[in-house]
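First chain written, first letter: the chains are A, B, C and D, and each begins at residue 1.
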Amino acid sequence: MIIVLHPKATRQEAEEILQQIREKELKPLYMPGSERTVIGALGDERRLGELHLESHPSVERVDPILAPYKAVSREMHPEDSVVKIGDVPLGGGGFAVFAGPCAVESREQFAATAAAVRAVGAHGLRGGAFKPRTSPYSFQGLGLEGLRILREIGDETGLPVVTEVVEVADVEAVSEYADAFQVGARNMQNFRLLTALGKAAKPVILKRGMAATVKDVLMSAEYIVSEGNAGVILCERGIRTFEDGTRNTLDLSAICQFKEYSHLPVLVDPSHGTGKRAYVTPMALAAAAAGADGLLVEVHHDPPSALSDGAQSLYPEQFERLLRQVRRVRQSGEA
Amino acid sequence: MIIVLHPKATRQEAEEILQQIREKELKPLYMPGSERTVIGALGDERRLGELHLESHPSVERVDPILAPYKAVSREMHPEDSVVKIGDVPLGGGGFAVFAGPCAVESREQFAATAAAVRAVGAHGLRGGAFKPRTSPYSFQGLGLEGLRILREIGDETGLPVVTEVVEVADVEAVSEYADAFQVGARNMQNFRLLTALGKAAKPVILKRGMAATVKDVLMSAEYIVSEGNAGVILCERGIRTFEDGTRNTLDLSAICQFKEYSHLPVLVDPSHGTGKRAYVTPMALAAAAAGADGLLVEVHHDPPSALSDGAQSLYPEQFERLLRQVRRVRQSGEA
Amino acid sequence: MIIVLHPKATRQEAEEILQQIREKELKPLYMPGSERTVIGALGDERRLGELHLESHPSVERVDPILAPYKAVSREMHPEDSVVKIGDVPLGGGGFAVFAGPCAVESREQFAATAAAVRAVGAHGLRGGAFKPRTSPYSFQGLGLEGLRILREIGDETGLPVVTEVVEVADVEAVSEYADAFQVGARNMQNFRLLTALGKAAKPVILKRGMAATVKDVLMSAEYIVSEGNAGVILCERGIRTFEDGTRNTLDLSAICQFKEYSHLPVLVDPSHGTGKRAYVTPMALAAAAAGADGLLVEVHHDPPSALSDGAQSLYPEQFERLLRQVRRVRQSGEA
Amino acid sequence: MIIVLHPKATRQEAEEILQQIREKELKPLYMPGSERTVIGALGDERRLGELHLESHPSVERVDPILAPYKAVSREMHPEDSVVKIGDVPLGGGGFAVFAGPCAVESREQFAATAAAVRAVGAHGLRGGAFKPRTSPYSFQGLGLEGLRILREIGDETGLPVVTEVVEVADVEAVSEYADAFQVGARNMQNFRLLTALGKAAKPVILKRGMAATVKDVLMSAEYIVSEGNAGVILCERGIRTFEDGTRNTLDLSAICQFKEYSHLPVLVDPSHGTGKRAYVTPMALAAAAAGADGLLVEVHHDPPSALSDGAQSLYPEQFERLLRQVRRVRQSGEA
């Protein structure tokens, strides 16, 4: 940790801080300069955190040297992790596509869409039973009934199912019906929910929050893994910027960052990332080319009738073409 | 609602959409132009929402004319609302300051800070018992023990207390001990929590999310009010932007927007809004000058010892000066 | 154009606005609603712009229906444009890569890098003679001497050269030595420069500004094309967001937007878009997969010695691998 | 400067970097840690910059300790600077308001507005002769004729006049007619223009760019001051964020940052900062309360007829009220 002192800090104030560092059994370094005095401290930065030096009146700035996450970091675990959803492995060189409607609207709708995406090669199903909606007047999902439909269609198609969990009280029910939890962008820093999922026995797809840096996402993943659940899959789904021609700004370089700093698998959601049907396939191809481990894609057997997110849902035939093209891009990387 | 059709949409496709609008018993208007056909629909836009025209393949764009929030809108309720926390009114011309430490760390710490802020004129106390922290390795708050301390010190000082609630399961406990709930930025779109608070009997301070527009905040407020709890207070606390010289970018023009579109009272939190002790007072004065109804300010009796947010916590004597200056700015507006 | 009146606007005020629209020889539509009166106006929105209705006290909001750009729009010109830099076509199905150092530092440096990128298949050379640098104390480029080196090495290698122009006074000199102008992000709304380039006889690579929406970029392109220079190539190079793990946030969905709204060719600059050498190749592949027409890539024969942007410059052998992989991704799309 | 090495960097690579630092006659510090080796270098960081260590393959990260600006920094010049525009001092405790239309549209218009703002106490006039407009089809200003009108009305009213300069070639003409230059947000990093203004004899109001951090603004100011023109006035006018309810997001905490890091005077432009007439006065009051040295305000004698920015222009009677309220806020700070 690097501690930059205020220009007016005295030698004695510096000495007090050096003494505090020594008391934590860490090794301090004293670097007086012509304009600023800098103090270095070597060792476990979490113990240094206990000193709260950033609020010390003689301290101008504290720069950590090490990342605050450990369990999810590539340094702790240099090999890529492989996380399985049902029988489908994520990470480790494969590529998996989970597809389905934004929301489970009825048995008929979900069955029709599931059949369509399975027929063309999807590896798993997605569909929301509990929908977080901006407006209280919008469709909020079928709840428990939706979970039951998910499970039934999953069993009928033989595909694993993933669905969003929005609340600690639902963790058990979702765990019973689904093969993986999804944590939505709006709950990425719902730390109680993360802690509860850290104690659950199913993997977790953790979506990036709209205002979350890559480091923030890794800290949220650390909540889950440090509680004992190593099955975390990171998901880029766009961030909020000034650009208003797309629903969000899909940050595909986040794939590079996630892969550099962490060993966890990375999915991309081009549907929420763009909000526009015509942009989903190009961004899916880009994600595959950039090194993602898979996709989450919204497909609806009849988008104009969708109760939510119809404008970004693919028609089944568009999804078929997407899968075909993604396979070719993937093969080009293996050649 | 204004519906802009794709340039290639045919007359017949336009006619189908006009028919759908008529079936909802709304009045359609047909506006053919040289480059685009535009359709207008007059009436309740929530009923139009059921048509999901934004996902129709012939539709390029849908522009709502009316705001999607109703209960919180100034149009429904032209007069300013007054919401009381304990005996302290917010809105309607007064100015209230809630102060205290980021977290309740111990009985001694909270009592010392509470005594200090009460002595110089704070109207209420703030302090966190359940702390949402970015890192799982940081201090997470005292929980129920923290709530008890809050209540005791509130009773001893005669000041109302507000504290953050992070989870549906805690709503009852927080309601028992505190005079108002605080919903943090990270939970602003935790819709289950909002719905639960809509059924609670205490007022709610709703903080703006880091990626939330003013309209998003009003939609979250609508969740609470539409469930029956009219006691919502909006709180600007900074948004996330590219500027990294402050913790967040405090958007004081949000006060103007909140006041234009809604009747609810508006607080400003200059502590989280800036993250720097030296900037808290200037931004507090700016908030008062711009028309806010009050402030949430972090004060600690000994900031360098604070377990969280010490760098943005005022010393009691700084808070005293802040209050004095805020009073003068307020008086200048009344003169 | 859709004009939404204030809730308190009277029937007479609406009538005045309808009359103003009629006087511009456009057809007005009157849509009274229960909460708002809406006025539509059909016809050339530039003539409506002359009414400045957005500043009328009875007007709440003005929503244009049509895009404000014409010459660059796909509606005016449904086929893709092909713009040639030297003999290299951009747009229309091919893929061209311009590579070279951030700045021309010396004849030796530029010759060495040019030879290296030519040997592995670059289609053209890039290199800055006039460098816009954030700090006045940083290397500002060789100026005219840099232009001469560019031309000589371009001629020796037989590759076309592109270089940045930062000032109207330099347009003639750059035009003499280079095969295309580059307008940097910081000058994207230097409208005088755009106007001067609109009168020049060489094509222009227009880089997106750090705070520019896709529509802003198209408006800047319109400046150039409306002055008579149809040879504009758009370039995505990252926007400024809160994410600080990369130099900028590369917005690859901008490719989709540019292609939807305009007929102009689109390049991507993954070097400035990420600022990190290790991320350049994955983002280059993603750009190719998403449908870009080519790349601008920073390569240096010895990055650690580079006077600027060394951290994002590829080593020649990395660039060779990038080109090989890009070709395979491109072929996968043609299969 | 703090240099963090890659985890895999060897002892020998570290030694090479230490040697490079010594060769620059700076003192290196070696800090081996369990997970990272850190190197410190004490002394002039501009000389260290010549080593380009950020592009060294063994270097993970370089953190400067000192600010890259010198001439504009408060450390070099602890007292507030006072810059005079005509006879009007900015900085040093006073408060000055420059008002006028967005653009000089005609002699009559500018004379009428100037008379109105002078009558109620404006200290100076503003008005654009060269207008940078997003669309090539919008009014671009009267040019030289506008400058002449500015000067005449300035002389008639006895008020100093400020106007925007958009191009090096215009510096001389603007210098002849106006009392201060204004550099607009879109030209804040037009370094050629900044360099030319550094050699001019009139003060410069430097507006913050839409994607510029406070540190970027100070670097641009450094360009002007390091060329010899000490008369720079910084101007906050809003940045671009995801919030779309205002034209820009006015960052009033930038006042605090400017005052902490620099000795230069600070103006605020609440007109461009909000884009809405009704928000201009609250934000002007907030700016005054937060410690700004003055304001730039758009006023038009007849806003609905304005050729540009009418929606954010105050009516003269609104400006009169603004000035009266600002004076009271300022007095409250002096009491």
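Annotations for the structure displayed:
Going forward, contacts are C-beta pairs under 8 Å (C-beta built on N, C-alpha and C of every residue); 3 or more make two chains touch, one makes a residue touch a chain.
Since the structure is predicted, the reported quantities are computational estimates derived from the model, not experimental observations.
In terms of residue-numbered contacts, C-D and A-B present the same interface, as over half of their contact pairs agree; the other options in A-B, B-C or A-C do not.
Chain centres here are C-alpha means, and the one lying farthest from chain C is B.
Between chain A and chain D, the centres computed from C-alpha atoms are 38 Å apart. Separation between the centroids of chain B and chain D, computed from CA atoms only, is 31 Å.
Contact of a single residue of chain A with at least two other chains is seen at positions 211, 239-242, 244.
Interface residues of chain B, counted against chain A in their complex, comprise 46, 49, 52, 54-57, 68-69, 132-138, 166-169, 186-187, 189-192, 195, 209-211, 216, 219, 222-223, 226-227, 239-240, 303-307, 309-311, 313.
By the touch criterion stated above, chain B contacts chain D in their complex at residues 211, 213-215, 239, 241-246, 249-257, 260, 273-274, 276, 278-279, 282-283, 285-291, 325, 328-329, 331-333, 335. Across the complex, chain B is touched by residues 2, 4, 7, 29, 31-36, 38, 40, 42-43, 63, 65-66, 75, 240-242, 244 of chain C.
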